[in-house]
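Chains here go by letter, A, B, C, D, E and F, matching the order in which they are written, and residues are numbered from 1 within each.
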Amino acid sequence: MEKTRLETGFEKLSEIDGEAGHAVIESLQDICPDLARLTIEFPFGDIYTRKGLDLKSREIATVAALTALGTCTPQLKVHLNAALNVGCTEDQLKEVILQMAVYAGFPAALNGMFAFKDVLETKSKPQHEDAS
Amino acid sequence: MEKTRLETGFEKLSEIDGEAGHAVIESLQDICPDLARLTIEFPFGDIYTRKGLDLKSREIATVAALTALGTCTPQLKVHLNAALNVGCTEDQLKEVILQMAVYAGFPAALNGMFAFKDVLETKSKPQHEDAS
Amino acid sequence: MEKTRLETGFEKLSEIDGEAGHAVIESLQDICPDLARLTIEFPFGDIYTRKGLDLKSREIATVAALTALGTCTPQLKVHLNAALNVGCTEDQLKEVILQMAVYAGFPAALNGMFAFKDVLETKSKPQHEDAS
Amino acid sequence: MEKTRLETGFEKLSEIDGEAGHAVIESLQDICPDLARLTIEFPFGDIYTRKGLDLKSREIATVAALTALGTCTPQLKVHLNAALNVGCTEDQLKEVILQMAVYAGFPAALNGMFAFKDVLETKSKPQHEDAS
Amino acid sequence: MEKTRLETGFEKLSEIDGEAGHAVIESLQDICPDLARLTIEFPFGDIYTRKGLDLKSREIATVAALTALGTCTPQLKVHLNAALNVGCTEDQLKEVILQMAVYAGFPAALNGMFAFKDVLETKSKPQHEDAS
Amino acid sequence: MEKTRLETGFEKLSEIDGEAGHAVIESLQDICPDLARLTIEFPFGDIYTRKGLDLKSREIATVAALTALGTCTPQLKVHLNAALNVGCTEDQLKEVILQMAVYAGFPAALNGMFAFKDVLETKSKPQHEDAS
């Protein structure tokens, strides 16, 4: 029996974002469960499961875009974690963020780097979990 | 003798952007040659020469950011060409653009895809050169 | 005697934004009372008093724009309250926010929905007032 | 037998955007048919078919967001046509665009109004079709 | 007798933007004369007539903002002309545009500089008038 | 012996941003010292040292751009302090921020003004230092 987009998406979300992804989905349940479902189905069920680009490259693209846009710090943090989960190194992610100074300006790069600093500090505290 | 940032940057610009990069630099010479020089020195001399991230990943990051921002079509076209020059495939770039529907909305992805269509059509006409 | 734009604007601000609007105006008095006055005169005195579009539709337009822009969370919260004040239902506002996933991406829609969650939680606590 | 999301989405796209929507889908077929399919399935199959908000209000939200963002003129034109198709009046749409001066500045409102001027001029020429 | 905001604004618009400003106002008359009136009254009648900041500094602020936003090329061109009209030099404006590379990225600065190149080329052709 | 760009940049950073600039640089040392160095070298060593535009005008341009972009509150605060350091008056900066209502909308101007309110309140508390 074929999996639904929701099932496939949830597996992919779990693989990529882990606990931080589940926390986002959970925090939507009381206010708008449909947005939770659509967030699993479309980005994760439809897009991240596509062939043609490896997950590391997908996360590099996402980190670059969210750093450049500058309006999505909580999502940037989730995807910096996700990028580490799928095999990007800390140094590679610093390079992506730093490079955004060229395309979106130094404030975007600085704010992206400070977001990454928060992510790394949170990861290094085993008892503390980011609930953003 | 050590190369200057301008020399290193110009070599990197030529490697990555080829003729389209030279055209941008050339078109700045009468209005603001300092901006031409700074565009070579900082993005290409300082950033694209950095270790820690391969050129294919750097171009994926740039294509993602410029598609998401939506305000830089001429630069997006230059970097779609650059991405092909450094070894990204057409399909990989389509995936990056398409993925931006998730982070910056469908109009951004559509406009990015139409920019790529222009780039590919221009490349397939050997006698015609894009002067944008 | 004809009312001034300031008088008309203040009445409209009070009708639409209620206490949250007054709080914004009040918080400007020490730093820049002219911006307080202009905020009453132009948006409320000139625009929201115009015929040709009902207040519910005006608030739907504002909630959509502020969710899509992603840079104006305090103003989005004021207008989510305002939209409820002029008769939009919670479900209608959730649809507007959710729809922004299409035009501005999922992070914009998620952040808009979390702002609405805050608004609704604040409203349900009768003794507590949002001073943002 | 239940309709697929693609079938439902295509019907909704046809109802809302008419020929202009078909033209967008058609123009994607050679470069990225998957983006064409996803554009039908998610925005039209998943979102515009949702209950809870009437189509006129949905188009008001979309016109507001695209005017405010300022990066999506081709899509704004498609949705100004769509808004007229689903029953918004010209005057209502002018009010939505004009109101964006408050939230995204006068240039955004001016550029939105000029886009609407183009849309109305194109509509009044029966033999001419907009292929943007 | 006191002048109306419309009268004061029109005088200020004429002083600052000259013919290019009149062309914008004129082009709005058939589609939305109220937006024409509001564009004269608020930005020019209310803001540019304020004391506390000289017109050269006001135009430097506007050129900086419009270059950084990157979504308002027609308005940027009008204000580059306006900045020259009120006494900014070409070199000063090039510095403002170039500096935006730091805050909004190189593409924003490049596109701003190319807009200025267009403005200067149009000004140097006495028989030709920009109608954008 | 000629100073390096890093030395010139650090002197200029100290002149303009003072302690707040040093704090930004310091906070980058553990996460990405190269971004600290590039932030000194390019914006301060290459751009703010350029002739052709006085420092007050440069800060007016930066405050305008950061207010309009709306994504860089920490950097806006640093530059509001910097603008005061190089001789802009409080009233001039309020005018710049207020004027952004025209080009980026009222929420951008309001958020910029509230950032300035924070800056002025922090400055008036001699024992307290802003560490953002």
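In this text, contacts are C-beta pairs under 8 Å (C-beta built on N, C-alpha and C of every residue); 3 or more make two chains touch, one makes a residue touch a chain.
The model shown is predicted, which means the values in this text are computed figures rather than measured ones.
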Longest centre-to-centre distance from subunit F, chain (CA-based): D
Remotest chain, subunit C as reference, centres from CA atoms: B
Copy pair subunit C, subunit D: interface residue numbering same or different (half cut): same
Comparison of D-E and B-C (more C-beta pairs in contact): D-E
Gap in Å, rounded to a whole number, between the CA centres of subunit E and subunit B: 30
Distance from subunit F to subunit D - Cα centre to Cα centre, in angstrom: 40
Multi-partner residues of subunit B (each touching 2 or more other chains): 34, 38, 42-43, 50, 66, 68-69, 71-72, 75, 94, 98, 100-108
List of subunit D residues in touch with subunit A within their complex: 34, 38, 41-42, 46, 50
Subunit C to subunit A touching residues, read off their complex: 69-71, 94, 97-98, 101, 105-111, 113-114, 116-117, 120
Subunit C-touching residues of subunit D, taken from the complex the two chains share: 42-43, 47, 50, 52-53, 57-58, 60-69, 72, 75, 91-92, 94-96, 98-104
Touch list for subunit C against partner subunit F, complex: 24, 27-28, 30-32, 34-35, 38-39, 42-43, 66, 69, 71-72, 74-75
Contact set on subunit D toward subunit F in their complex: 68, 100-108
